[in-house]
Amino acid sequence: MELGLVGLGKMGGNMRERIRRAGHTVVGYDRNPEVADVHSLEELVGKLSAPRVVWVMVPAGEPTQSTVDQLAELLEPGDVVVDGGNSRWTDDEKHAGELAAKGIGFVDCGVSGGVWGLENGYALMYGGDAEHVARVQPVFDALKPEGDFGSVHAGKAGAGHFAKMVHNGIEYAMMQAYAEGWELLEKADSVTDVREVFRSWQEGTVIRSWLLDLAVNALDEDEHLDGLRGYAQDSGEGRWTVEAAIDNAVPLPAITASLFARFASRQEDSPQMKMIAALRNQFGGHAVEKK
Amino acid sequence: MELGLVGLGKMGGNMRERIRRAGHTVVGYDRNPEVADVHSLEELVGKLSAPRVVWVMVPAGEPTQSTVDQLAELLEPGDVVVDGGNSRWTDDEKHAGELAAKGIGFVDCGVSGGVWGLENGYALMYGGDAEHVARVQPVFDALKPEGDFGSVHAGKAGAGHFAKMVHNGIEYAMMQAYAEGWELLEKADSVTDVREVFRSWQEGTVIRSWLLDLAVNALDEDEHLDGLRGYAQDSGEGRWTVEAAIDNAVPLPAITASLFARFASRQEDSPQMKMIAALRNQFGGHAVEKK
Amino acid sequence: MELGLVGLGKMGGNMRERIRRAGHTVVGYDRNPEVADVHSLEELVGKLSAPRVVWVMVPAGEPTQSTVDQLAELLEPGDVVVDGGNSRWTDDEKHAGELAAKGIGFVDCGVSGGVWGLENGYALMYGGDAEHVARVQPVFDALKPEGDFGSVHAGKAGAGHFAKMVHNGIEYAMMQAYAEGWELLEKADSVTDVREVFRSWQEGTVIRSWLLDLAVNALDEDEHLDGLRGYAQDSGEGRWTVEAAIDNAVPLPAITASLFARFASRQEDSPQMKMIAALRNQFGGHAVEKK
Amino acid sequence: MELGLVGLGKMGGNMRERIRRAGHTVVGYDRNPEVADVHSLEELVGKLSAPRVVWVMVPAGEPTQSTVDQLAELLEPGDVVVDGGNSRWTDDEKHAGELAAKGIGFVDCGVSGGVWGLENGYALMYGGDAEHVARVQPVFDALKPEGDFGSVHAGKAGAGHFAKMVHNGIEYAMMQAYAEGWELLEKADSVTDVREVFRSWQEGTVIRSWLLDLAVNALDEDEHLDGLRGYAQDSGEGRWTVEAAIDNAVPLPAITASLFARFASRQEDSPQMKMIAALRNQFGGHAVEKK
């Protein structure tokens, strides 16, 4: 089939390659002319035969909104827009409505896979009406991993990004789990070779996983991670997961702890711990560290 | 080689079978005569040629202590005792010392694998002096999974159980991660088939793991887990992990949250939330639920 | 001065009384004619001399929005609307803008005090332009407690509710602190009279507070809180505090733990702990509780 | 009455003064001859008439143990030892037994009050047999604050320190509550004068407390706490509180979060966040900060 693909960054570029390898035609647009096949959204739409499918793979928020707005003007009834970026699920509901008003279909798709996706395939979680999903199915089949799993029609528009968001929330807490265990083993003096313990866990244990394999890779590159700072960004999905939990009155202690640990990792000094130090000084004359 | 094995419960019985399949001789003792090969520890020791290796696979605490005490009387210098149960690492240091005073070696071994171990092998983390570990190595090789991983000499006596303890702490937080994500998906109305989302995650995602596979198995048996109560025991290892963290001033927010969630799951009613309700009633006249 | 007061429930009714005791004129409107002084917002506005001050004391969300909308139609340039309810600070910014477009001033005011406010005064945190705040100042002075403290002009429109929101977030964690300590004392067998320990803490300790006094009151009414269920609602402010923290990348582990404890307290059974039980059963054959 | 007092540091020195002001005789011993009344424990015991009461006010652990050991040799049946330091409650049970074997009574006493105790009195929580407590009562009455509260006989030996330990656990979470709220107010741009908001909370609010008064004092000295580092030690009591909770299967999420925040505050860089960064780098090619 033919696919228009908007956004050819690290993810989009690799996805174009994987879809082409499956025998489909991809017309790619990017603001960077060096990677683009066409030089405008107008040209992209013009090169595709109706009914069209256009996959948007640009950053969430304003970039996605403005792309959807432009496509709403350029496309025709019967065409379908796929948002494969990291949009918040509430944006999907809005976009689906805006496009439906013009007779254009909408599918949202959460994509997992990172730099490994080109070779191993991308896990896909998508949402939207069955007729619109069916139109995109050949592309989904090209992108997904070999095997029985790796893609799911999760529900109506927004369900794909919602499922991907929860996936990332789980990912935060799993990473935190390994990280906490690693720090404890490194700090205590009982285990003499923490890396080999991690390596041994790759088979036969309850905690074997792809993330564990990656942890071993990382330790093989730098046994005590001496070359890294303990500093971690967070993407929107972790925050949205906690917000969705609050909306639904679901307690998420481990996922939220993982998000907060990232917040704290980015602080040069902790304001709240200054207040703790100040209070200790007030009531107990405890020594505080002055700057 | 010849091995004495004390404790032939669910774990010990399967381990005997796996070691025998590898061609070794196992003399097993258990208080339950129906499963035992011999009828006393004395008989077990008598059937083995010196220097002996005796593997203890009984519950942590008093049962392990009393078995070690009896073996200290029955065994001879040059023999080796392996504690393959779930002992706290601090007990290992004690046992190693007690046995060393009689010239008997000691190795501790954390064993992971559960009901899957007989066929897939057991992950093993062991600690002790190299000479004692070498004596047990053929048994370790018989028990461990196929492949390059699955067993590790983690350090001195106690290091095996310490590593296994941290493994279990990580396991608590990983299970909590999936559980939190599952509850949020079930509660929110966006995703219509949560089980299929979990199933799809088994390939291509960052969070694929053996535990995820088990979660899918569980959902295939009971899609919404309607037949279960939200009630979870905790073994000693989760508690000891947090205690070891406190001893080492290591923050473990996700693992500890997972432990506390289990504590709370076992309460019919929460005393602390009664106090919250009482305080709300005092200052705000908020409605409280009387019993 | 003259004040229009919309909403004469538990809070609004007592506030009318306290303002009147200070010698001001209050014209109160409520949907319940038994407590109202006038029978419509129109009548309320008609009874006040321009420039008017109208205090809105109705539930956050739609009730406040529709009252503000109606007042925007009924009032005149130079009048001032005060939102003394529990609105989210983001609503204040919206309301301030809508009213400003008609030349009407806006002040938001977070009010603390509960059932004790009539006699002891209400703590007030308000936001808005200085000229609008000045118009309401006599009412603030009537409502606030005796003494040097208890009211503050916290910043621009929205700052009052933001400050009150954070106050409530702190309150959640303080209540949780006492509740956790109480449960531990009750559960451990060391302390024989927990109530007397709480009572003793009311003087000389680091943790003495008004909330502690209330806890002692509650224990005097029901020593072990046997008559209550461990069930606690949460108002919007706790949730908004965590959301504001996420927006600002501020870690709030204790406040969030307190919010999640309330969520959990309202669940008959915990879905996430069902998943934990299911996973334990899958890998270990651990006994689970079937319903 | 006559009291022997061992340990005349910041706490002990002030306590001697307060007891003397109440008209009692205090014979004080300290390793520092400049503050001591006598030059040895032997001399201290010799100066007191039997039956004696000796109050030990030295650091927990080895210093307290060795003092108790020496007093066990020097004192006579009928004498009473009070441990007013910060011992773990489990030590009390041990000390009570050791002293009882010689006919010597034992009372443990948790003391709160810090640098404010000399003037305001010390909150006291004590444990032991009624007959031994009665012997110390005049000293307790001298030390406690004016008013009806501030001292309690909490139970058998160990109950005093247990109650004080929980007091400190609650204190951790209350301090954390204010600290979190303060950081959020400082970080968000809504409230323009955070210090004045804190000041206003001192009357009429649900969260008014002595700790809040101290926070205002601290902010008056340094409005944004610019002169402090966000670094906080923890005493044993916070750790023991969490350990006691684990022993009793009581979830303490807010208190534990507060303890972990202190642990994290003392780390130059966070090992666990290095692992998070390493994993992000492995799967996503996310930028990491190299040192």
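The chains carry the letters A, B, C and D, assigned in the order they are written, with residues numbered from 1 in each.
The rule is simple: contacts are C-beta pairs under 8 Å (C-beta built on N, C-alpha and C of every residue); 3 or more make two chains touch, one makes a residue touch a chain.
Just so it is clear, the structure is predicted and the values come from calculations on it, not from any experiment.
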Duplicate of the C-D contact set - from A-B, A-D or B-C, the pair where over half of the pairs recur: A-B
Centroid comparison with chain B (C-alpha atoms), farthest chain: C
Copies chain D and chain A - interface residue numbers shared by over half, same or different: same
Intercentroid distance (Cα basis), chain B paired with chain A, Å: 33
Whole-Å gap between the CA centroids of chain A and chain D: 47
Chain centre separation (chain A, chain C; CA means) in Å: 37
Residues within chain B bordering two or more other chains: 114, 176, 178, 180, 183, 187, 206, 211, 249-253, 257, 260-261, 264, 272, 283
Topology of the chain contact graph, where touching chains are joined (line, ring, star, complete, other): complete
Complex contacts: residues of chain D adjacent to chain C: 89, 112-114, 117, 120-125, 127, 144-156, 158-159, 162-163, 166-174, 176-178, 180-181, 183-185, 187-188, 190-193, 196-197, 199-212, 241, 244-245, 247-255, 257-258, 260-261
Chain A to chain D touching residues, read off their complex: 10, 114-116, 175-176, 178-180, 182-183, 186-187, 211, 214-215, 217-219, 222, 225-233, 253, 257, 261-262, 264-265, 267, 269-291
Chain B-touching residues of chain D, taken from the complex the two chains share: 206, 234, 239, 242-243, 246, 249-253, 256-257, 259-261, 263-264, 266, 272, 283
